[in-house]
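Each chain gets a letter, A, B and C, in the order it is written, and its residues are counted from 1.
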Amino acid sequence: MKWIAAVALGALLVSLPSFAGDFYINLASQILIAAIFALSLNLLVGYGGMTSLGHASYLGVAAYLSALLTSRYGWGHGPAAMVSIAGTTAMAACFGIIALRATGLGFLMITLALSQVLWGLAYRMSDVTNGDNGIAGLTRPTPFGISLESAGAFYWFALIAAVLAFLMMTIFVSSAFGSSLKGVRDQPRRMAALGFNPWMIRWITFVYAGFWGGVSGLLYVYYNKYIHPTSLSTTSSAEALLGVIAGGSGTPGGPVVGAALVLLLKNYASAYVERWNMLLGLVFLFIVLVMPAGISPGLSKLTAALRGKSR
Amino acid sequence: MQFWIIQGLNSLSLGSLLFLLSSGFSLIFGLMRLANLTHGAFFMLGTYLGAIALRSYDGLNLWVAAIGAGLVVAAIGGLFERLVLTRLKANPLGQVLVTLGMSFIISDACLMLWGGDSIPVPTPQSLQAPTRAFGLVFPTYRLVLVGCAIGAAVALHFLLERTRLGAMIRAGVDDRQMARAVGIPVSNLFTIVFCLGTGIAGAGGVLGGPILSAYPGLDGDMLPLALIVVILGGIGSLLGAFVGSFVIGFIYTFGTALFPELAYVILFLPMIFVIAFRPQGLFGRVGA
Amino acid sequence: MIVRTSVPALEVVDLTKAFGGLVVTQSISLAVRPGERRLIIGPNGAGKTTLFNQISGDMRPNSGQVKLFGTDVTQFAPCKRAHFGLSRTYQIITLFTGDTLEHNITLGLLGLLPSRWQMWRPLSHYGDLATEARRTLDAVGLLHLARHPVSDLAYGEKRRVELAMALAQKPRVLLLDEPLAGLSNTERSTVKSLIASIPRETTVIMIEHDMDTALDLAETVTLLNYGRVIVDGDREAVIADQRTREVYLGI
């Protein structure tokens, strides 16, 4: 049953540019980018049991680094991308050392604080970051000389990246290391007594999550050709967290569903509903109170129940 | 010289506001182990309510507005606690998320009801004339704010140390299960403390109005400060909230004045260091 | 009297732990020979579990040393002590309740292996680990439940899984924290025979309240009270000792 759904989804994704208009192709690209970001956050939240309210830092820093290197210093996209990712990953390594001094609520607050520091810098250091104006007029890379300007071309680029990200992160969480990560999430004391090093396991995961957060940041800045401090803000991190939790942090596909939902609500409900943030807040409340495991598990329970009833 | 005096006084008045904001946060965190991310929004709601009330009713007194706003915010807080938070007792992460969601709801509601422009809160007429002392000029209202903070601190201290309710709260902060075991109605206590904490924030919002004004984003500006104060001063410690408020008031005011670009860095660095190296804060208890 | 010159499997020297003003373990010293079966007894609050926590590394002592086979492990993190051959069970169940028994034991086996850092092969591909896990489950009589999640199990069965997890790593020193607590009579005798059948390569140190059952398993006994060692020696000697009576009967 799952295979059929997966193949159908794959067919849909591959054939999309051939039948959909630019508007929908662009929407799909955005969903793919949000999906990579949500999956990277879920490494922390769902598999690691570490709830972070500062994950947008990695998206934002990678985006800003790329923007600055290409627009202000005239770097090519290839080297700029490598330095941006390397820088973001290094930052994740440092932030991880600080944040993992605490667990649970303390961890949440440190991640919040660190991301606020970055946001404050992005906002205030106008000489460097252009402050509230953001950095505009950016370009998309041309891998192997292929232009990514058209909606279709960029979509393929994002799709390849998303599939790669999904595969690599899924392999990571299913591996022996991934099992130890889940073990540390569930019973850290027991894991230590068995010979696992909980701190190291968490830190490695933190860095890996930061890496993929940075990748999504690059795609983000390529797509929008613009970066603004709001991408680093707590609201951004909160939206991502909502996506992960709403979709279901315990499943591989859940965060993608959640991220898509948040994106759709944000971009398209706001045309009909004036107050997007209030809607976001209400959705938060609803999900936590009614469907704490998220939509994805809720849906599978529903389909299982329906199948059971039809017998 | 005038610069240092003015900044010093600004620090004191900011510290006073921070105390009104964070004392409630600290109480809620200490007793309910809940990081109430809605707290900034409650403060802002108070500011808006006060601003609107003062704009609409001519003879209204700032102090009355503060008390009124405090009561309204406390009522909303109480409803939120009873209807939403109590259902999530077993889900501390969920509690944090709903407070986040609630903050979005409140801040958007303010935007929806009262628009995007900042609404000033007039200083009470009796306090508009500046005070002259030691050959210098001080804005009177800022001095009065410090008095308010001290008054609030004394009142809270009295409540916590000398009343039965306070004893129950302290017991709950120290050891929740034990408190329940000796018959303290902990869940009612939670509601009372949540109302108290948010009510103080609401009233504080009105009192801060003449200095801050009511504007969208006030919640986002105030919440991180409350977080820092409580982390620095220690969870559940009133003295910690008091000292922490003024320390942060000074750091933020002088930091912004001297290094405007690095204001956030200067502000958050102490918090990060405290969490990393002395998690119980300056005055808190170990094993919270 | 034979003077043994072999290194103790576990040695604790002047171990002291205080929480604020409350001293929970006070200069506790003891030595356990390789292969020995030691029982630690004492009234509630005597400091038994705190002693275990300091031996396993879950707590740092204020002063004193913990030595495993002569090596000072006092500064070692718990995971490092596991690599030195230390294993323990806990008073509360600390199993991975959503996972199968086989997964629980396999994870336990992974803890000491370099492949625990491997980030691409799924755990299910480690066939030899699965075989070893099933063998361990068989040894505790739970092979038939290998594919069941831990949440399906009765309390007594969960205790056996805890024991299996600790034994799977073939530890040199095994700490059992109240392994018989909360068990029914039949379960108790099952677990008792399991403990009795632990090979001599493993030194066993056990905390227990159920003296009737536990004393049979013990060769030597240490009695703690108020954080101090009161009596320490062969089982018969400790039972007959006047001080033991005093502690338990308050005379």
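What to note about this one:
Note that in this section a residue touches a chain if its C-beta (ideal position, glycine included) is under 8 Å from a C-beta of that chain, and two chains touch if they have at least 3 such contacts.
Keep in mind that this is a model prediction, so the values were computed, not measured.
With centres computed from Cα atoms alone, the innermost chain of the structure is A. Chain centres computed from CA atoms place C at the largest separation from subunit A.
Centres computed as Cα averages put subunit A at a distance of 43 Å from subunit C. In this assembly, the C-alpha centroid of subunit A lies 33 Å from the C-alpha centroid of subunit B.
Remark: subunit B and subunit C have CA centroids separated by 49 Å (rounded to whole angstrom). Interface residues of subunit C, counted against subunit A in their complex, comprise 56-58, 77-79, 82-83, 87-88, 90, 94-98, 103, 107-108, 110-112, 115-123, 126, 165, 169. Taken together, the subunit A residues at the contact with subunit B in this complex read 51, 98, 101-102, 104-106, 108-110, 112-114, 116-117, 119-121, 123-125, 234, 238, 241-242, 245, 274-278, 280-285, 288-289, 292. On the subunit A side of its complex with subunit C, the touching residues are 171-172, 174-180, 183, 186-187, 189-198. Looking at the complex, you find that subunit B touches subunit A at residues 33, 35, 84, 87-88, 91-94, 96-98, 100-105, 107-109, 111-112, 220, 224, 227-228, 231, 260-265, 267-269, 271-272, 275-277, 279.
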